[in-house]
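First chain A sits with chain B, and in the next complex the same chain sits with chain C.
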Partner chain A sequence: MNTLLSLADNLQTFWGYTGFYNVESGHIIMILIGLVFIYLAITKEYEPLLLIPIGFGMLIGNIPFNEAAGLQIGIYEEGSVFNILYQGVVQGWYPPLIFLGIGAMTDFSALIANPKLILIGAACQFGIFGAYIIAIEWGFAPNEAGAIGIIGGADGPTAIFLTSKLAPHLLGAVAISAYSYMALVPVIQPPFMRLLTTPKERAMKMKTPRVVSQTEKVMFPIMGLLLTAFLVPSGLPLLGMLFFGNLLKESGVTRRLAETARGPLIDTITILLGLTVGASTQATTFLRIESLKVFLIGALSFVIATVTGILFVKAFNLILPKDKKINPLIGNAGVSAVPDAARISQTVGLEYNPSNYLLMHAMGPNVAGVIGSAVAAGILLGFLY
Partner chain B sequence: MRIFKLFISLFITALLFTGCKSKIENPKWVINEVMVTNETNFVDDFGQRSGWIEIYNNTAGTLDLGGRYLTNDHNNPTKYPIPRGDVLTKVKPHQHVLFWADNEPFNGTFHANFVLDPTKENYIALYENDGRTLLDEIVIPAGIPVDRTYGFPQDGIKYNEEGSINAVLLDRVTPSSNNAILEENPKVVDMRDNDPWGGMLTITAMLVVFSALIGLYLFFKLSGNIATRVSKRKVAKSGTLSAVRSQTHLSGEVLAAISAAIYEMKEDQHDIESTILTIRQVKRDYSPWSAKWKSLRKLPN
Partner chain C sequence: MTLTIQTALFIALVGILGIFIFMFIFYLLIKGLDKWFPYEEEKPEQDLILDEVED
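Up next is the complex of A and B:
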């Protein structure tokens, strides 16, 4: 009889440790969101390299367990495997490594050939500061508003880096928001691109960019670093790694290093970053009214950035000579989100002029957006950290 | 490469001639707060009250005080050698360590072999391991009230904007803790008070973003113009088709069509072909694709 009682006790204790016993509605909601991410990544191919790890991370992070038992399995439990992996996000060293890879895989030729496109990348950063103002209005503290605003930079690593410094408690919401909207760029941007341009503007062809010499390509990362980092030293971790990666690519003598940076290294960090950011959305810490606000402001920031980019090109065209005018459809590409935003310029452009290939032109503001958002992050860090 | 060298030289020259302002740096170790007479204040591990010296790690990295020297004598810089090998002498970034001026060096690492004299000026200095390099020094004026401390209102900020020393009689006694207690990030507080709408930050930040990217634009506009001119000169000298392209504003497609026509003309290939069509069978007796020997492993001889 005692044996039976003991068995019942054991089973009851075991039951207390299971996910079924500890589950709350928040866990189910987050698991469903994770499944949506995985669905979008596989069926719609929206940023699959990020949404699959993040989506699966959300499943991992929301498996309910007995937190009081001190099993050291949760991402927020010091010493757990996921907590150790999460340190790269918390301490902010995954994003600069991702930037190293981005630098090693980005061809800045379009930007060097037509440097005025850099200014579109600068204009689009208004999305960050527009969102900052809205966040302040909605009751967030300035440091939190800065972390939320950076979603408008449409650059996941930058958003994670800045939020880990300014408002670590918003990290999950900001990261998920940034990556979600980056994946949804093909849905968010085209309506505004059509709304703000005339059919004539959309069909406008741009002059073929000139061929860029190797010397110019080598000079770009060196001068890029010196000019931007001297102005905003707080952006150094991101800018330094971005331009360093690009120098590895363009120098022509460090092919192996460049291949590692844009291949195995960035892939490894992407897996770790995506998985741990996803797992950080543990329902108990993530499902709050603030997270909802962050999502709303994040969406607005993308809209503001897109609108600003397009309007800036239209205004810029007023002072440009006729043969150097810019198709406003590439204005959206300044929001970063490389290369999806540039691809959208191409797709929408082709709808109105089947012989108009805007991709190479759009890559200019697109990569300028990466630099611009890193500079903006540096400014926010300088003012608010 | 010549242009590259030219720009690097220009950049360095510009840097040398602009904004390289010299200013007095705060030391990496700062003698941060000193109590000369301790009657009712902080008690040591032995239940004794004595004067104390707080030293502050003013860097962003962990530093070790072990092996350095603490002294109250101008002529004897190595008066109290801080023992090596004590983990407690490793001071974390922007943290403090406290030494008792009780002349009881055998009470532990943090008990110096001298005392402070309230009746006269006290000189305190910290020296590097070599016993010659001064790390920091402070002169405590005579007549510091009992249970009050002399030091810097902001931890580690030894010099003010004008370069003079900030040390004052402090309002609060804060052994081993911050002299200025910060409840909130002062930058955030400042931003909330002075820019409640976020407008000023937005304008400032957009100006900085534009300045950074305009700098890049101007540089690459200039370098692009030079590169185009150099490349045109080179191809013009070479007399190739690229030279034509560089001199005209024709599109790549048009030039490709012209080149193809010139090539066909040169190779004597034109639209009017001879009307003889020859179809010749290619004779191939043997193909090894299904040969048996290909799929067998050769045995070593």
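Up next is the complex of A and C:
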């Protein structure tokens, strides 16, 4: 009889540790969201390299367990494996390493060939500051508003880097929001691109860009680094690594390092970052009204960035000579989200003029957007940290 | 308008102006690179050999 009672006790204890016993509605909601991410990544191919790790991380982070038992398995439990991996996000190590890889895979030729396109990358940063004002209006503290605003930069690593410094408690919401909207750029941007342009503007062909010398390509990251370091030192962790990666690519003598940076290194960091950011959306800490507000402001920031980019090009065209006018369809590309935003310019452009290849032109504002959002992050860090 | 909003507007204004100034300096830098290191079409090897012979 005693043995049976003991067995029943053990079974009850075991039952208390299972996910079925500890599950709450929040876990189910987050698991369903994670499954939607995985579904979108596989069937729609929306940013699969990010959405699969994030979606699976959401499943991992929302497996219900007895938090009081001290099992050290949750991402927020000090000493757990996921907590150790999550330090790369919390301490801001992963974003600069991702920027190193981005630098090693980015060709700045389109920007160097037509430098006025860099100003589109500046105009789109209205999305960041617009969202920052909205977040303040909606009751967020200034440091939180800065972290939320950076979603408008459409740059995941920058968003994570700034949020880890300004408002670590919003990391999950900001990161998921940034990556979700980056994946949804093909859905968010085209309606505004069509709404704000005329058929004639959409069909406009741009002049073929000039050839860029190899010396220019090598000098660009060096001069870019020095300019950044002297003007916005707080942007150095991101832009310093971006230009370093680019020098590895363009120098022509560090091919192995460049290949590692844009291949195995960025892949490893992407896996760790995606998985841990996904796991950080543990229902008990993530499902709050603030997270919903972050998502809403994030959506608005993408819209503001897209609209200001396109309107800026239209206004800029008023003062440009006839042969140097810019197709406003590349205005959206200034939001960063490399290279998806540039691809959208190309896709929408081809719908209205099948012989119009806007991709090479759109890559200019697209990479300028990466620089612009990192500078914006540096400025916000300087004011709000 | 509260002080928080006023401060936020100030930061936004300084931020966006700062980015435009930064990008404009970057624009000048790229213009400078084009001027200092212009693209020169590479001569085919045959031409280089001919040049040496002429010398």
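By our rule, the second predicted complex is superposed on the first by the 385 of 385 C-alpha atoms of A that agree within 3 Å, B and C clash if a C-alpha of one lies under 4 Å from a C-alpha of the other, contacts with A are read in each partner's own complex, and residues count from 1 in each chain.
Here is the rule we go by: a residue touches a chain if its C-beta (ideal position, glycine included) is under 8 Å from a C-beta of that chain, and two chains touch if they have at least 3 such contacts.
This one's a predicted model, so the numbers in the text were calculated from it and none came from an experiment.
In the model built by aligning both structures on chain A, chain B clashes with chain C.
Once the two complexes are overlaid on the shared chain, A:Thr215 sits against chain B and chain C alike. By the touch criterion defined above, A:Gly121 reaches both chain B and chain C. When the two complexes are overlaid on their common chain A, residue A:Thr285 makes contact with neither chain B nor chain C. Once chain A of one complex is fitted onto chain A of the other, the partner contacts of A:Tyr132 extend to both chain B and chain C. Shared-chain residue A:Ala376: touches chain B and chain C both.
Contacts of A:Gln346 after superposition on the shared chain: neither chain B nor chain C is touched. With both structures placed on the common chain, the touch criterion links A:Asn143 to chain B but leaves chain C unconnected.
Only one of the stretches 99-107, 117-125, 207-215 or 261-269 in chain B has C-alpha atoms clashing with chain C after the fit on chain A, and that stretch is 207-215. The contact surfaces that chain B and chain C form on chain A in the two complexes overlap at residues 111-112, 115-116, 118-119, 121-122, 125-126, 128-130, 132-133, 136-137, 142, 145, 210-213, 215-216, 219-220, 223-224, 227, 231-232, 368, 371-372, 375-376, 379-380, 383-384.
Taken in their complex, chain C has these residues touching chain A: 4-5, 7-9, 11-12, 14-16, 18-20, 22-27, 29-31, 33-34, 37-40. On the chain B side of its complex with chain A, the touching residues are 1, 3-4, 7-8, 11, 185, 187-188, 191-192, 195-199, 201-202, 204-206, 208-217, 219-221, 223-224, 227-228, 231, 251-252. Every residue of chain A that touches chain B in the complex is listed here, in rising order: 111-113, 115-116, 118-119, 121-122, 125-126, 128-130, 132-133, 135-137, 141-143, 145, 208, 210-213, 215-216, 218-220, 222-224, 226-228, 231-232, 368, 371-372, 375-376, 379-380, 383-385.
Here chain A touches chain C in the complex through residues 111-112, 115-116, 118-119, 121-122, 125-126, 128-130, 132-133, 136-137, 142, 145, 210-213, 215-216, 219-220, 223-224, 227, 231-232, 368, 371-372, 375-376, 379-380, 383-384, going by the rule given at the top.
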